[in-house]
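The two complexes that follow have chain A in common; it is paired with chain B in the first and with chain C in the second.
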Partner chain A sequence: MTSRYPTHWRKPPQILTHPVWRPIIWILAAVYLVLAIGSLEVNWVRVSEGLERGWRFVQGFLVPDFSSRWTDISIGLVESLTMTLTSTIVGILISVPIGIGAARNLSPAWMYMICRSIIAISRSLQEIIVAIFFVALFGFGPFAGFLTLSFATIGFLSKLLAEDIEDIDESQVEAIRATGAGFWQIINYAIQPQVMPRLVGLSLYRLDINFRESSVIGIVGAGGIGATLNTAIDRYEYDSAGAILIIIIMIVFAVEYSSSYIRRWLQ
Partner chain B sequence: MRLEDLNWQYRSRLQRLAIWFAWLLTVALFVWCWNLMTRDTIWLFVWDAPTQAADLGSRMMPPRWSYLPELMQPLWDTLNIATLGTLGGVILAVPVAFMAARNTTPSRLLLRPIALGIIVTSRSINSLIWALLLVAIIGPGLLAGIIAIALRSIGFIGKLLYEAIEEIDEKQVEAVRATGASGFQVMHYGIVPQILPAFFGITVFRWDINIRESTILGLVGAGGIGLKLQSSLNVLAWPQVTMILLLILLTVVASEWISAKVRSAII
Partner chain C sequence: MLTIDSVGKTYGTGDKALTDISLTIEKGQVVGLIGPSGAGKSTLIRCINRLVEPSTGHIYLNDLDLVALDQNRLRQQRRRIGMIFQEFALVERLTVMENVLSGRLGYLPFWRTYLRRFPASDIENAYRLLDRVGLLDQADKRADALSGGQRQRVGIARALAQHPDLLLVDEPTASLDPKTSRQIMRLIVEICSDYHLPAIINIHDVPLALQFMQRIIGLRQGRVVFDGAPSELTESVLTTIYGAEDWTNMQKQHEDDLDSEADATARLGALRS
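The block that comes next holds the complex of A and B.
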């Protein structure tokens, strides 16, 4: 007597196990797609005219022109780089106390609420929108950009630092507390050594993000290389725009590579 | 033996000197950058900021609620830019990720560096800059926004997905291959089931970020609610700006909530 085994195997459903839900989801997705694509109004004549211009941009990117706008590019670049560095340092200095305040295992409830709401405000507002307001308040130029990036750094770093402090090994804190240490001594000897490598890593990562953002907020007048890029594109100088983009890509690549190297060296 | 000799210290004299010197260098660098950055800052505008802020605050309040119905069409456009852009980004990113992953790439010398280059280029240029370029090339409108979002998403999704592919369990692939499966079948039964949860998680995460970014793409003419923001800012209609910002905040919070729900359901 031979038992028959099935020769075909079907993959069991992973996520939506109920049979009714799958077609409903597919139908909803199809309806949405039809509606969304239907509400697009595309001027195909304009697009096909643009393709020629797009080709000129590709050529400009392949044969970039660094020299004819070099003074503008270097001014923008210096603004971007200085803005990135100063805002990252100021952001770290402000976000360390806020991060400590937003860690549930260290601070009282009222302090926790205040610091968490600062983080929530900083995280929910985008850099560009913050930059528009800071430009309106503080005038055009890199100072507004510096404030924008510092503000954005606070939300990012304090949140991750607070989560890191909440995840520490409590027994080390207890050991230090058992020696009769005060609050600051606990922070210095029990918490700081545990979170320091990650804090350095996060700061380097934020430096990288701040540079990328500094190339954008210039579009709304907050200084940096974004303003130069905006001008170059407005004047249809695609070779200069290509040069600026190549510089941005190279710097981002260099910062990312060196920061990942430093992080590996620290751990 | 003197008492000082019994005092234990964590670092040697030379190490302490080196650390002190590093701090000095950081402070010097900061001061230098600060001076370079604020060379052209008009401090009169900066000190004037609190009065400006009070003035702006009084103009922005209360929000113009009657403007809300007019914002529904741009909001729908914004959601479409983000969703269709994510869809396009996913379609483009999947082949790039398979080419970039060390264990699935067809050619390690030629295709892998190209794929990594695509990922780096896409990641280092912000979606607002992509939109700026595309508006100049194919004209203002939703299509420019969708393509900008898609191009920016390739780098993000591609990078996270290729890292997920590199971390798969090779034994399963080997087991499927040992049954005599073809290359496509190995992909379908050995690799795809392993990366599918990560894939959905990454996609929803990127969709959430894209909603955030598509709200401001209109500032450079790429459609959506940012277009209304730009026109309200241009005519200094601050109550309308407040209304738009409230709506953006609500959208961002809602998309973050949806994305968190979906990701916790998958993982």
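The block that comes next holds the complex of A and C.
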């Protein structure tokens, strides 16, 4: 039995459907690749040195030394965890009012502009730059890190909360407004129930981002496990550095798994 | 009781939703507002509690002009106007009880409602209303766990918890099946006569309106084109309101509904015998 229908099918090109442009772009890409590779100057001596150093690092990683620098590590860890938790909580407390103010469907235009500007400033500055700034202002240590992470949390949470508030089901708000409820009652009865699961989810997600960031900003002097890691690498103590990395990875795993579990449980 | 005096509404986009509407509704009167979609039914009832601000005209509830009120006094008047919605508009993630008690928000300070510390009389009344609509055992369920008909009953209880002087009802049966629609309409009409409540009910289903309303107002393109008893609602009037083609389609739709329901009853009967 033969069918009248074709047995062969290929997806037709979706962009650049013109038959001339496609080969031209392929040729240009190939020429660029050849030129780019030709412009590289590889210093093979440095490569071999680097490989050797990298290998020592890998060896340190394979035999991590938790004990000889344990006091430093535990101090760094406690600092990092404290910084993470406090900055997340402070960040949430500040983000909620700003998020409400930055929701177009709730706030007057002037309030909206102010809150969106705060969010824009917070989001436009990368954590490391903010950390350098706060370290310069308040000196080395976890306080600068706490401020940095709180500041970054505000931009992240307020923006996503505001967007979530803008996406809610307006009919529920209308119904509560029709009962004669005031502004805060509308927030509490019509908006909070709709955005709460997502707000909790985002806060947990931010907690886990803040822990990872706390180990990065430690390198520029904002305290925590990052500072300990930086010191260990500077002293060529790759076995201790390996131990610190393993601890960071384990904690990120733990936070990641528990937060995704809690988020699923909340839905 | 309620007097609407030459109310007009033009939306920001320039669409004229309502033109020169004047009506008076007496205490205890249940009025059906019919008309094709886009005729301004929803806009008109939302103008009354100013969920939509009317552009021109006055609306008097017990001789008080609602259009002239500032925000605070508007909130006080909204407490006296219960509203029932098309898609129920319950707060899905709150319990049935919280939804009913939310009818009391306008009467209580924020901290009490935030802590869910409602006065004993409000709680007692909420239970009484839930019993009245047949949901006493569902009080602690989340609203999104209920069926459509049950949700609309919660919506009715919430509106009644306000101790309203007036009920605004926006397409209460649009998201319900024909049988539940009739049950819900019957409940609303019974409650209105129990409490001697006036009500304005937007309804697109003409047979339902004929069955339950004491007075019918027909809107077409934002103007009142009919105002009278259901018995005066003749073929020619309905053709004016809906336009010839739509009216014929609606009749056909209604016959189909009746047929399929009769069919279902017959099959059920056959199964039982």
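Side notes on the structure shown:
Convention: the second predicted complex is superposed on the first by the 231 of 267 C-alpha atoms of A that agree within 3 Å, B and C clash if a C-alpha of one lies under 4 Å from a C-alpha of the other, contacts with A are read in each partner's own complex, and residues count from 1 in each chain.
In the analysis below, a residue touches a chain if its C-beta (ideal position, glycine included) is under 8 Å from a C-beta of that chain, and two chains touch if they have at least 3 such contacts.
Everything quoted here is computed from the prediction, not taken from an experiment.
Contact with chain C, but none with chain B, is seen for A:Q185 once the two complexes are overlaid on the shared chain.
By the touch criterion stated above, A:Q194 is placed in contact with chain C alone, chain B being left untouched.
The partner of chain A that touches more of its residues, comparing chain B with chain C, is B.
Once the two complexes are overlaid on the shared chain, A:P97 sits clear of chain B and of chain C alike. Of the two partner chains placed by superposition, only chain C is touched by A:R177; chain B is not. Contacts of A:Y236 after superposition on the shared chain: chain B is touched, whereas chain C is not. Of the two partner chains placed by superposition, only chain B is touched by A:V78; chain C is not.
On the side of chain A, the complex with chain B involves touching residues 11, 14-15, 32, 36-37, 39-43, 46-47, 50-51, 53-54, 57, 78-79, 81-83, 85-86, 89, 124-126, 128-129, 132-133, 136-139, 141-143, 146, 212-213, 215-216, 219-220, 226, 229-230, 233-234, 236, 241, 245, 248-249, 252-253. Across the complex, chain A meets chain C through its residues 169, 171-172, 174-182, 184-185, 188-190, 193-194, 196-197.
Of all the residues in chain B, the ones that touch chain A in their complex are 26, 29-30, 33-34, 36-38, 40-42, 45-46, 49, 52-53, 56, 76-77, 80, 83-84, 120-121, 123-126, 128-129, 132-133, 136-139, 141-143, 146, 189, 193, 196-197, 200, 212-213, 215-216, 219-220, 233, 245, 248-249, 252-253, 265-266. Those residues of chain C that touch chain A in the complex are listed here as 49, 51, 75-79, 81, 83, 85, 87, 89-94, 98, 102-107, 110, 113-114, 155, 158, 162, 168.
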